[in-house]
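Here subunit A shows up in two complexes: once beside subunit B, once beside subunit C.
The block that comes next holds the complex of A and B.
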């Protein structure tokens, strides 16, 4: 009797949880937009410098449509991850929410949490034609469009031109050249590369780019899928060892684990460090009118590839970032209308220019006259990349991502060998199958 | 008088059999507490039961899919090295917190309450309490800068004192990260405990101290023979609160290290969050939650039992 009661309770719990699963929803391009009600929007623009962008957009949209209220949930790069999953688990997703590409975005598709936007943003549509096609395609899952790209992002080594000049070094063209440059910069009194790995994705970003150089693309793509992952290519260990060399000769070494990435970027801005490995969307904050390092003194280059590596030396780490519409939204047409407003060329230009410096994914949304020249150059470099390798912590299964994050922090701190890190990633991939 | 009042309310003579029977009468009388029981049951006991049910499943928060796995998540708990690390970290948190926030705070309160000047007593209470009024997030940022390996004042002070060789990357070293967090937590919680002990000491009748003085007892003897036994109940309560608090700690670790480096500073709370919300493994997270519940429940019951046995009345 007791057993059957327990079974009944378990079945009820299972049913209740199962019923939380959302239904697939396809956007209707002909749906009438009623400009009334409240839209909840979760952004990744919570940092003080970026927050006004969506705040201003919300005010402008509300002014144009007095019946609409926009409620913003502004998170930052770290907090958005936990916040999103908390809202998913409690079935309280906002109408519009931020998403990375890769497995991160795929989770919402898999769980029918994101509206299928193919009829409104897919191939041949008016809206889709106004956005960079590569950025739109990055949000395609199973042949359908689920995301609205807002800006393009990629990782570059930002550097101080005065520091390079003082140390007498040129922009390095390979990994050995970078290590040699680091020795000279240290001798000149600079921290060659400032790095803060307290937030472990920082080290993961270095390794992600080095993996693209050391591991063939098809092997990487195979290993990103837990079902086919083997992680037995020797390029994985090689990439970690190269990161170890950079950590030892160019940075503060194991101390990086006690430093925040924000402190590290500040070192470059203050002129104490010569380089900082950063996203293109950080260019405007690394060097501005208010920092010691001025925009005209700021330069960038790709993390140099090691000579003779077996991967793709023209690959670049990065991905567009954008927004999805929740299937739980009670007003999908209004949500789409707001995102059309956000992705207008005028708003794209504002986004691409200082102080935001987020290169817009909107065609015509970047004006070189108003933009930081470094951001313009970064955009051109992204266009030249043979392959965009996505962030390791968002392209992988969460368990595999966690193994990379913890393992690289341990490797940087001297607690694990490169082989041990790869073994832990392999084990995590096995557990995720 | 009371009997007549009862008669008026019930319309029955005292001792007369209840018209609807004794068990039903008892049940009927529960109506007064039903609302409170309902609220407590829904918000406290149902989540505990539901957490256990969830811990026997594997759940995907994105799809809502639920698979029954029996006690598999509990078997994983036993073999998860991070759980072992987290258990040790929570235990260290509890032991050090008892040392500083219970016994240390008791002695400090005894010293403060022993001061003759009312003004100085008030000043010292306020001085020690101020850190408790600062939010954990702000304290976390403050201590991040104190511990920072390049510009932190801790390493600067140590170097200035000729102890530079002992400098460490306090939050970035897997052997020191959790202790750096615990130290911050003691700094923040010490004053609050001191204030509670001060209140308990103030409630001790002054005649006891006067009598002890007349018998020739010095300050230390008075603390040992009067203050300590008379505040035993508060000490017991503080130990329960401290131990359960140590096993539920979350904010401090999340703000300072998020469990890193390499999971070395994970505590059960942050590992639960990591599993549930970052690794999409709600069933296993619930099993960790059950572990936290079991440990804190055991500690609480043991402490209550011990304290009640040794209660001293004035």
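The block that comes next holds the complex of A and C.
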């Protein structure tokens, strides 16, 4: 809903803004950078733990270029949505702004709010070569690059090494192995996998990864586009049924719909649960010096693929988050220069290390000495992944995303069958055409 | 002694006493319903993240003030902004509203019902709808991302409601007072300052408390119209302590308790006037 509203606002205000505003639609790599003036930057690092990252970078950049002033607008996960909508609607977008991949970023592209960065960051460019290619590709719309990825994120199964040792379980290599491990962990007195599906994206993340394993990539990408979507691959039902098996044998079952994800991750941190399916950016908080589960006792593995599945067993679910440049910016070359500075390997290393712990999208932006070893390992896995499938709730049309979110929650609660969920998604895709 | 003590209870009828007991039990239950969440929040500040999730209703395992100190460090800057914005906007709102209400009740204005309707109609304007034009307007005025922006908005959006309350109270004040003052040679300004305003004390205190509650807790405007941590108020500051990953909920609870404290104290100190002002003012 929020995203369709955003799209409407963008379309409307773009028409209203008309040609009166000076617009830069395509970045010019040869443009001269004038180090003077003010740059407004809207980040999603407003949380007190993350805020100093951009504050320090802005200070360092201002010190290097005395003519430049950086004005930061630092928002958190939720407020960034409201602020973006209001600033877009009032034609007051900052020069550089945060964007998710998928439909959120697509709205800026459709409304001509984001500068086409293909000449500076696209394939074959120097800057593009310095960033993880899967991350750069995630911001490609209609074959053009629109975003500068800042950090990577992907989903892994975090586990407690002491729990696995106590239950005599090894890291599973396929889905059956995971289910058998769950039985042993339960017998040893642990909740095998803690899960809180009160926020419905949790279940959607499991299914997203299982879809990558069960449905061929071309089919998935065809179905992500409502115009070509058919949702008739048998892999969809298979993925949901596999999620159903995990829910039944490894978790609290239907009760997951009443538990928040924060409670679930705390169960792993407290050593009560043996596993928790989490994003790489959660590694640092799942096991820290202040939790019962210590960082050295924390391990992770990819959600094991079912043997013989038709999709790609090397695919990984995840998406980068990054920044776009406003077409209304009066100083695009300076904005790009600042983003080059932000994505330097040195600043990437700072971002990847505690207290920030956001795995940088810069190649060489990881420093094993300062980083949590699990995050380093996760980054290597992301680099090895053959395909980064984006979150189902952001890559799809808002109507389709809503059908996935509601359907999977109902499926977890036992109110819908796997076939019904896929049928509802198919209907939503039809309605979104 | 025993006889005299026992006598009145024997003479008191059973059902009225029972009803009274039930009423007390009901009021006690209501009190618990209101106070327990506040107490739970305050106790949460002494727990650890782990205890908040695993044992949410237990007493804290230790009474360390560490989270409260962390909460205070994280919110003190926002607290100053909140204090400034709340104090100034309270003063401007109540003063402007009182003066407006005086004009609407005590002076002859042509087309007065229209003017009253126009001012009170401001209550129907939804803040959410006004966001977009307000961003443009405040940016053009050069006060976007400043305390002045919030003070201006809080005053503008609360003047209609505050005027409505004070006007209702003033309508009930006898005209003879104005006339007597006028006979003594007082100007309208003097009548307002020296006669009407002192008489309106209960409703003014109610309005002050209501406005403080509003300005202290307001989130939407504070989130949209401010960017810098030095300008942002407490509700925005509190959300910046939380994130999708790695929130220290104990410190958040502690910070919430610290930020609620001034309001709770103000309310307890002024509740007598507050209730008197509202019951005398509304519905007349």
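Please note the rule applied: the second predicted complex is superposed on the first by the 314 of 433 C-alpha atoms of A that agree within 3 Å, B and C clash if a C-alpha of one lies under 4 Å from a C-alpha of the other, contacts with A are read in each partner's own complex, and residues count from 1 in each chain.
Here is the rule we use: contacts are C-beta pairs under 8 Å (C-beta built on N, C-alpha and C of every residue); 3 or more make two chains touch, one makes a residue touch a chain.
The structure presented is a predicted model; accordingly, all values stated were derived computationally and were not measured.
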Which superposed partner A:50 touches (first subunit B, second subunit C, both, neither): second
Partner chain in contact with A:354 - subunit B first, subunit C second, else both or neither: neither
Touching partner for A:110 - first (subunit B), second (subunit C), both, neither: first
A:255 touches, of subunit B and subunit C: first, second, both or neither? first
First (subunit B), second (subunit C), both or neither touched by A:279: second
Subunit B versus subunit C as contact partner of A:216, first or second or both or neither: neither
Touching partner for A:263 - first (subunit B), second (subunit C), both, neither: both
Partner chain(s) touched by A:292 [first = subunit B, second = subunit C, both, neither]: second
Touched partner set for A:313, first subunit B, second subunit C, both or neither: neither
Touching both subunit B and subunit C, residues of subunit A: 82, 86, 89, 263
Touching residues on subunit A, where the partner in the complex is subunit B: 9-10, 13-14, 17-22, 81-82, 85-86, 88-89, 107-108, 110-113, 197-200, 252, 254-260, 263, 398-399, 402, 406-407, 409-410, 412-413, 415-416
Touching residues on subunit A, where the partner in the complex is subunit C: 46-51, 71-74, 76-79, 82-83, 86-87, 89-92, 262-263, 266-267, 269-270, 272, 279, 281-282, 284-285, 290-292
Touch list for subunit C against partner subunit A, complex: 48-50, 53-54, 74, 131-133, 135-136, 139, 220, 223-224, 227-229, 236, 239-247, 249
Of subunit B, residues touching subunit A in the complex: 50, 53-54, 56-57, 59-66, 68, 144, 147-150, 169-174, 257-258, 260-264, 273-274, 276-282
